[in-house]
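In what comes next, subunit A is part of two complexes: it sits with subunit B in the first one and with subunit C in the second one.
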Partner chain A sequence: MANNLNIEVSPLSRVEGHGDLIINVKDKKIEKLMFRIPESPRFFEAMLVGRKYDEPSHITSRICGICSVAHTCASIKATEKALGIKPSEQTINLRKLIYHHENVQSNVLHVYFLAAPDFFGVGSVIPLVETYPEVVNIALRTKKMANDIVRIIGGRAVHPIRTVIGGFTKLPTEEEMIKMKEMLLASYPDLEKSLEILRTLKIPEFERKTEYISISDTIDYALYDGNIKSTDGWEIDDQNYLDKMKEKVVKYSTAKHCWVKGNVFMVGALARFNNNYQKLTDNAKKYAEELGLKAPCHNTFMNNIAQFVEIVHSIDDSIRLIDKILEDGLDEGKAMTDIKPGAGRGVGVVEAPRGLLIHDYTYNDKGRVEKANLIIPTGMNYANIEKDMHALVPTILDKSEDEIRLTCEMLIRAYDPCISCSTHFLKVKLINR
Partner chain B sequence: MTHTNKNDSSSSGYAKTDVKIIGFGNKYRSDDGIGIRVVEELRKLDSFRNIDIIDGGTSGTDLIFLVKDCSKIIIIDAIDAGQNVDDVVNIQISDVEEFIKRDYKSLSIHDLNLADILKLIKALKINADISIIGVKPKKMDFGDRLSPEIEEKIPEIISLVKKEAGV
Partner chain C sequence: MSKPKVGIFGFTGCGGCQLEILNLEDQLLDLVNAIEIVHFTELVTEYSDTYEIALVEGSITTKHGVERIKKIGNIAKTIVAIGACAVTGGLNCLKNLYGLEKAKELVYGDKKDWIDSIEVKPIDTYVKVDYYSRGCPPNRFEIVDIVRSLIVGRKPEIPNYPVCVECKRNGNTCVYELGITCMGPISRAGCNSRCPNSVSGCEACRGVIDEPNVNAQKDLLAEYGLTVEDIMEGFNLYNACKGKTIEQKGK
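And now, the complex of A and B:
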């Protein structure tokens, strides 16, 4: 049993971007525990100031290659709210459709490529090509399907260009809609096979109750739109996020930490699952049940399973959306809504694959950004990651140092942190004074 | 030129051409945007009109799908191959092990790193003829402009791309 322990993992592998974990234990007590982000700060918020209303969605889309649709949609929603633009139902349905497939792209990448190697006891996805070729092939097929759907709707597999303020610059054709449905229907055997494989994984036992926050809707399993909801029983209009959420700078990291009324909380697939389980398709609920995932779940490691359940839901719901869009008929007249630039403030809240994503813009009367605030899901999770570590480490001190290190890394990876996205804050100089 | 497995083109949506050119990077991180800037310039040139030119952003895993769909792929990226800052390199990926051994670093891709993606391509037994043309960046801070020294290298990079693409 380890009485003293010094772990420094720098950089963490298989997370997006660069982060370090430091744990010092003395006489079985944690003396120091830090999840540190040393990546250079990113100043997208400052960059938006002065930009015309049609620019922020394209700029913020470049924050991240993994969640560019989420940034695009959060940005568009913030601007549309500020300028009083109401997109057509067709536009909203197409946005929900493209949105599902960024979630699939990202969840596939994380579940199969970044997290699965931990469960199969290998250091990366590469050895799995030999030992579990099916895992890699399913991942590639599913990701390619999602890429193709994002490209058909958004014009590119990443950083969509047709998804703009007011609607779409170009609509997919009816033939493309039918082709997407065929691709989705063809993916079910891979979901079944994945279920068989995931059932064999041993998910570490760990439980720590925390607050789970996501958006929530009365009909949808909310990804694109909804109120902000907490498992602690409150729900607020997304425009009022500042009533609950506060950001705070910590000295050792270039990413801001985030609190709700002084409490840490978790966002992401598990938070969405815990808040919105009832809105999943019956098929997705069946997969959750088969994999032992029940709401509320307080085991962070199960976030990976929640991500897989969401892949199933996104495929099911995409078929429903395509049927609806085809039934209504694609209408070029509803592709774009008129835009009148003016002053106003708007908040765009969506669920990025990693959780709640908030864009908050204030425009002047010339339709240019005066002020912008972006709150990124990984930034919201940092404080909860550290709390999880404080709870986990004392329970695994009887393991070898290598096992402790791996378990801690797995816990952080379970959050699917996107560190590149979250290192964005503006007040570094103030802290260093 | 090595010819690749062309069995998986049914739903790619990309035109099936012999050569594809992809720029990686973030155009809002100063010199990290070199790949995207070169792609924008290539699209203006008549000689590249019939070649698939892709803005790959920072999503590297998708390289696997592109490689399966063509005979040769030319990547343009900010890359540290141990050269001096602002030196342009043209690396032929005929030997992935060599690439990995030399610890070349693509600086743009942040899902799986380029070495991992190349290892995965090799493990999947996809024959790939890949060239990486890149420049070592001077700065990768916030900003939508290249350093002047890096901007000056665009014609040299385009010449190398022309040579590799046979146009």
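And now, the complex of A and C:
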């Protein structure tokens, strides 16, 4: 039983980027609890100023290697909105398809490579190569399938080339579409095996009610497009995000923090699941049920399970999208839409693997960026992570220091924080209106 | 043969180069078997400060970063810079172009003095770099080739010919014919001309070859009614730090 506790984990491993965790407990009371981001800031909003309308998607893709498709799409959507460009339905379907597979590769990376070692009591995925080769092989196969789909549609797995404003510089061939469908169909046995493995994991018990925010659509389980929706019952058009959100700079972090109406909130797979459960495929719903995940779920640790359920959904929905694209017939004439540069402001909102991602650009009449604002999911989760820790730590003080440290690390890891992205991350604040 | 101890380190960047190592998929387990990874914060909790080879991603942009890279320089026998940010400073250098103080003020406002940020530099400003795996992202197979070469004691072969060579080999239509500008004639190959393959112009993310035929690039631009200035903005995306203009490169 620990009355006093000093935990400092620096740097926290198996997260993308550099973050530190500091907890001081004295006489069973938390004196200090901090998840600090000392990662170097990068100044993307400054880099973008003055750049031509066709460059921001290439520049902002480099915010994050793991979610470069998400940044590319948010950027493209913001610019298309600002310049009044309407991409074809074919373009949107292909974007949704590539989008699914960045989400799959990212979720696989997190569930199997970064989070799973904690459940198997090891420090990384490397020892699992010997002890649980099947887990590693399933992960590598599923990740490769997803990356190959991103490669086929985007031209490469990290920082896609073909996804540009107006459409695609090059379309996949019909043969490639059929090949992708075969790859997807071949992945189901691995999903079944994953289900058996995940069922054996002991997910820590924890519950803390918070607000969950994601995008939401009337038809899709929204990743690429939708309104911004909260489990607190409000829904707004994505162009009006500033009605609800505010960012501010905090001293110990290069990442700005984000608030909604003074409340902290959570974004990411669990938030999407809680808001959009009904839009999942029946198959994905079945997996959720098998793994004990029900909406609304207030256990942050279950974010890992929500990520897996999303993998199933993305694979199901990709097959539907491929059938639709093939049925409509791939049309070179619809690959690109005409672009006329001009002045305007546009907001692009998507669900990055780690949650709500907002790009907001203002262009001058020469089609050059005058002002850019980027709000990143980990920045939104930051305050919620600290609240979760405050709720969790007092309940586990009877455990050993090592166990407390591990449980806290697992909690942060459950968010799949992406610190490279968030080094612009301000605390984002929701406003009560 | 004992396995070389390898550290994989990230500085300021997007993590994409380290991700490309994980994206090796088919070769990843062989790579993990051939080396002993002793430091890789993104993937592994345990770490040690004894290693022979350091693979370094990212640019140096903070005082803390300068200390860290110097420490790595003191430990590693061989340093490999992976990716544009480590090799040339990459896209991060757009901050220098904008102006450091101005950038701090724009993003962090009156809180700008809280932020540790210095002018962006590639890692060879502070340590001796033995090999460069260029590009944004780098070619993951080239990273494997460099590591393999280091294990067997052979010098890795890094192309020093322009992207046009690969592009022609791939049978692409020259993108200039389609009205797209391209840095291919003077940019270093090794990417398998991946941007022109996707009907996009090369952005020189692997930098310029050692002795570029600048006149050929100028002639090509002239043929399509363009000037060097027209393409410099694109060239600056990944090459603003090394600061040489195309004119200087020719000298």
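The rule is simple: the second predicted complex is superposed on the first by the 424 of 433 C-alpha atoms of A that agree within 3 Å, B and C clash if a C-alpha of one lies under 4 Å from a C-alpha of the other, contacts with A are read in each partner's own complex, and residues count from 1 in each chain.
The definition used in the following text is that a residue touches a chain if its C-beta (ideal position, glycine included) is under 8 Å from a C-beta of that chain, and two chains touch if they have at least 3 such contacts.
In this text, all values refer to a predicted model and were calculated from it rather than measured experimentally.
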Q: Sticking to the clash and touch definitions up top, decide whether subunit B and subunit C on subunit A clash or fit.
A: clash
(Q) With both complexes superposed on chain A, which partner does A:109 reach: first (subunit B), second (subunit C), both or neither? (A) both
Q: Give the label of whichever partner, subunit B or subunit C, reaches more residues of subunit A.
A: C
Q) After superposition on the shared chain, which partner residues are touched by A:47: those of subunit B (first), subunit C (second), both, or neither? A) both
Q: Based on the superposed arrangement, let me know which partner A:152 touches: subunit B (first), subunit C (second), both, or neither?
A: first
Q.
If we overlay the two complexes on their shared chain A, which of subunit B and subunit C does A:123 touch? Say first, second, both or neither.
A. second
Q. Does subunit B (first) or subunit C (second) touch A:66, or do both, or does neither?
A. both
Q) Who does A:140 touch here: subunit B (first), subunit C (second), both, or neither? A) both
Q: Could you tell me if A:179 is touching subunit B, subunit C, both of them or neither one (first, second, both, neither)?
A: first
Q. Which residues would you name on subunit A as touching subunit B in one complex and subunit C in the other?
A. 16-17, 40-43, 46-47, 59, 62-66, 68, 109, 113, 124-126, 129, 136, 140, 143-144, 147, 156-159, 420
Q) Taking the complex as given, what residues does subunit A use to touch subunit B? A) 16-17, 40-44, 46-47, 59, 62-66, 68, 109, 113, 124-126, 129-130, 136, 140, 143-145, 147-148, 151-152, 156-159, 179, 183, 420
Q) Okay, in this complex, where on subunit C does subunit A touch? A) 10-20, 22-23, 25-26, 28-29, 32, 37, 40-47, 61-62, 64-65, 90-92, 94-95, 98, 102-104, 106-109, 111, 114-117, 136-137, 194-195, 197-200, 203, 233-234, 237
Q.
Using the touch definition from the top, list the residues of subunit A that touch subunit C in their complex.
A. 11, 13-18, 38-43, 45-47, 49, 52, 55, 58-59, 62-66, 68, 109, 113-114, 117, 123-126, 129, 136, 140, 143-144, 147, 155-159, 161-162, 164, 169-170, 249, 251, 254, 420, 424
Q. Touching subunit A in the complex: which residues of subunit B?
A. 11-13, 26-29, 55-62, 64-65, 109-112, 116, 119-120, 123-124, 140-142, 144
